[in-house]
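The two complexes that follow have subunit A in common; it is paired with subunit B in the first and with subunit C in the second.
Right, the complex of A and B next:
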């Protein structure tokens, strides 16, 4: 899966889960300030991402440092790469 | 200063759909909202395949941020509350002032949310995939908490949880809080959603109707052919308000709550008790300073169970004699449990406005053991100035609210 494909998938699932306009979900968009997500949404976002990318993310410390969609794409790409190496 | 408490707003989501007008129109047309539930056939041991669910509608009329923590019952309660607020004309300033509170109850939290949680937790011994909103949908005060959040209410928040008396206790509590001067106004009532686990409670006790082949005739309070309860869903919400506050802003006043009886029988967890029903009615009348001759009508709890209908009939006869007109609305839209008190009060207020009594639907052949009271079987004009509204619950709760139409000086 390319970075672009990961981004597109994230756009699709977050738009669906949080009823957002896809146009709003840019790489620069902040999850909390721009997209209006909060602490409860962050929990649900992890669930949706786990299901979408077949990953276990719930107890990942790195996830706390994610602020933008771009951060999220990089995080998912990295986790998927780790999985491939393992 | 002695405060008086009046009803200035009404909101409903019922088995007849959204809005007070849908509820009233269908009742006045004598329709039944009870349906056959074929999808319940797969549940082993469940014999009652009947319910009065709220018709489906798009929940996206509420914003996602509000909806994510709401099961169906909290959505119904929020929509009913919004309607009650619009109906009352109270200002947004009062709504968020802290002088307006909320008391909205239900039997339990959303049973669908419990199902969603435990079907993952028990089946897989896992918490994976459980969304953040599930707890907020299933907590006991889910309706009141979500209504406060959605409407920006900052006053007292209460969630009376007492099964079939949840909304009548909520209304009684709101009346007490306003009388005591703690709140200027209250949104109060109850909510419920249909679910096979709810119906199964009554089915297990042998109190669920099994007349599956003709749902429109299934719930038959006071009738010799009745065979039990049909559970329904929805929400009824009233705005109660301090009389002076209502007068100052020129509000439409639907009625005045003048007495609230709320007693417990400690004899049995499930069986109704005539004496406690009598005590509840008498307490409401004593508080209101009214006598039996002043009561023009009783809107009965009467759910269509043998024990309950007979116990209530005898209690009414003992307290009021045999000439006061009595009817039940359960034949129209089943037993909406935590919502029933409020929804039935909304319909009773309309009876007072129209000066007309709605008969018990499906009452064609009166059980002689209920026959010593004036059971209404045809729509009839009547002078309705003061009424009693009864509600009783499993767990020994017995409530009666006295409501007067005319606001006396």
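Right, the complex of A and C next:
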């Protein structure tokens, strides 16, 4: 999956599952400040991402390092690449 | 009517939360849709026998332990008579394949000795297992009560260690493995879906001590109800909440089936989280949360036969519960084609009477076996409060087989058994408002994140077994946490430990 494809999928799924405006979901947008997600949404987010990208995201450190949509795209791309290598 | 907090459901979570909130100055209304308070820990009676639905024994009631602290703070401790299992108390685990009996002592030291004596070649594995259980509970404030609550409760927890994989690496003997898996019965998760972490939380309590309460769960319920009423808190039974009102993103009250409205700014919902959605306007939660909560996988159900025993079943000699494992296969498989009497089955004695001695209330026992929703699926076509004759016949047949097996194995202890009532997954579903008859709420298992007590709806909190942990201890702790979210978690925690 290319970065662009991952980004597009993230936009679609966050808009759908978290009722966000697609226009607001930019690479720079901060999940917490701009998009208004908080720690209570973190688990829902993990579940949605795991399902969408068919991944396991069970590492607290990883999740905590994600601040923007751009971070999230990079993270998913990296995880996907790791899976292909394995 | 007006209140600060409305608590929906009067099981041990709701009772605990109500007592804590009232003690700390909140005006509380506790509403229960059934005729009697107590949820799964209340008793019901048949022919002068009082049977416990869910409260057979518990851990964490020793001095300084979490349940003891909570009950003391709630003004309940000195109203109930706690009876610790005798020195050398144990669960009796029987392997039908070999006839071998292993004693599951409620003590790490005794248990280790017993297991090593029976499985000397597995000494290292036994030590590793027990050490892992202990270590996993070191940072848990409900066991180490000098720890703060917030670091444990907040944030995202990963739960990735599979109990099966851990046991595959650690233990070889099939019977030993079954004995170590057996605490899974106390949280209703098939072994293959269980995590080492959750297993540890439950097993640690059980390996640290077991307690019964004189008069059973009903005496706990009664003591809580008295304590709550003494604070001026109102408890309404036959009071089903049909909707929750929300304004500007915060709860404002509830409406009861009778049409009565209660205005409030906070609500604790103790039922299954999936069922809370039907009470709320659909727009309050996002699709991600709603589908997660709606699709929670639930814990196992049970078959329970409540019987009068010919003999008085005495617990003072050591065995608190008699378990028999299935002849072949796993003790807690994800599904089972075996008849309930061929699955893991246990016999437990009735609640002790109100005296210092640990002995039965009289001559009654409960037989328990695991239940699966698939077991009752054939009867769902004509699902109505009035059960079909086919269902009644099927239930009678299961009752008969479970009784026959218990008499065969444990007749020397119990004498003949006369069944007075039987519960199936359908019974649990309907009597306890438990989807798919789950006896331990949503599963705390691999790959599932159970919902937080806090929700995104301001003033709306979840509680009960599906949130933090299962069983009497888990549900009580959930009650503590839901009250703590309203009162201030660390402040409440500090005052409980004083």
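The definition used in the following text is that the second predicted complex is superposed on the first by the 85 of 86 C-alpha atoms of A that agree within 3 Å, B and C clash if a C-alpha of one lies under 4 Å from a C-alpha of the other, contacts with A are read in each partner's own complex, and residues count from 1 in each chain.
Criterion: a residue touches a chain if its C-beta (ideal position, glycine included) is under 8 Å from a C-beta of that chain, and two chains touch if they have at least 3 such contacts.
Predicted, not measured: the structure shown is a model, and the values here were computed from it.
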Touching partner for A:32 - first (subunit B), second (subunit C), both, neither: neither
Which partner reaches more residues of subunit A (counting touched residues only), subunit B or subunit C: C
First, second, both or neither for A:19, with subunit B first and subunit C second: both
Partner chain(s) touched by A:67 [first = subunit B, second = subunit C, both, neither]: neither
Contacts of A:43 with subunit B and subunit C, given as first, second, both or neither: both
Shared subunit A surface residues [contacts with subunit B and with subunit C]: 18-19, 40-41, 43-44, 47, 58
Residue ranges of subunit A in contact with subunit C within the complex: 16-19, 39-48, 56, 58-60, 63
Residue ranges of subunit C in contact with subunit A within the complex: 154-160, 286-289, 291-292, 449, 452, 454-456
Subunit B to subunit A touching residues, read off their complex: 60, 64-65, 68-69, 128-133
Interface residues, subunit A side, partner subunit B - complex: 18-19, 36, 38, 40-41, 43-44, 47, 50-51, 58
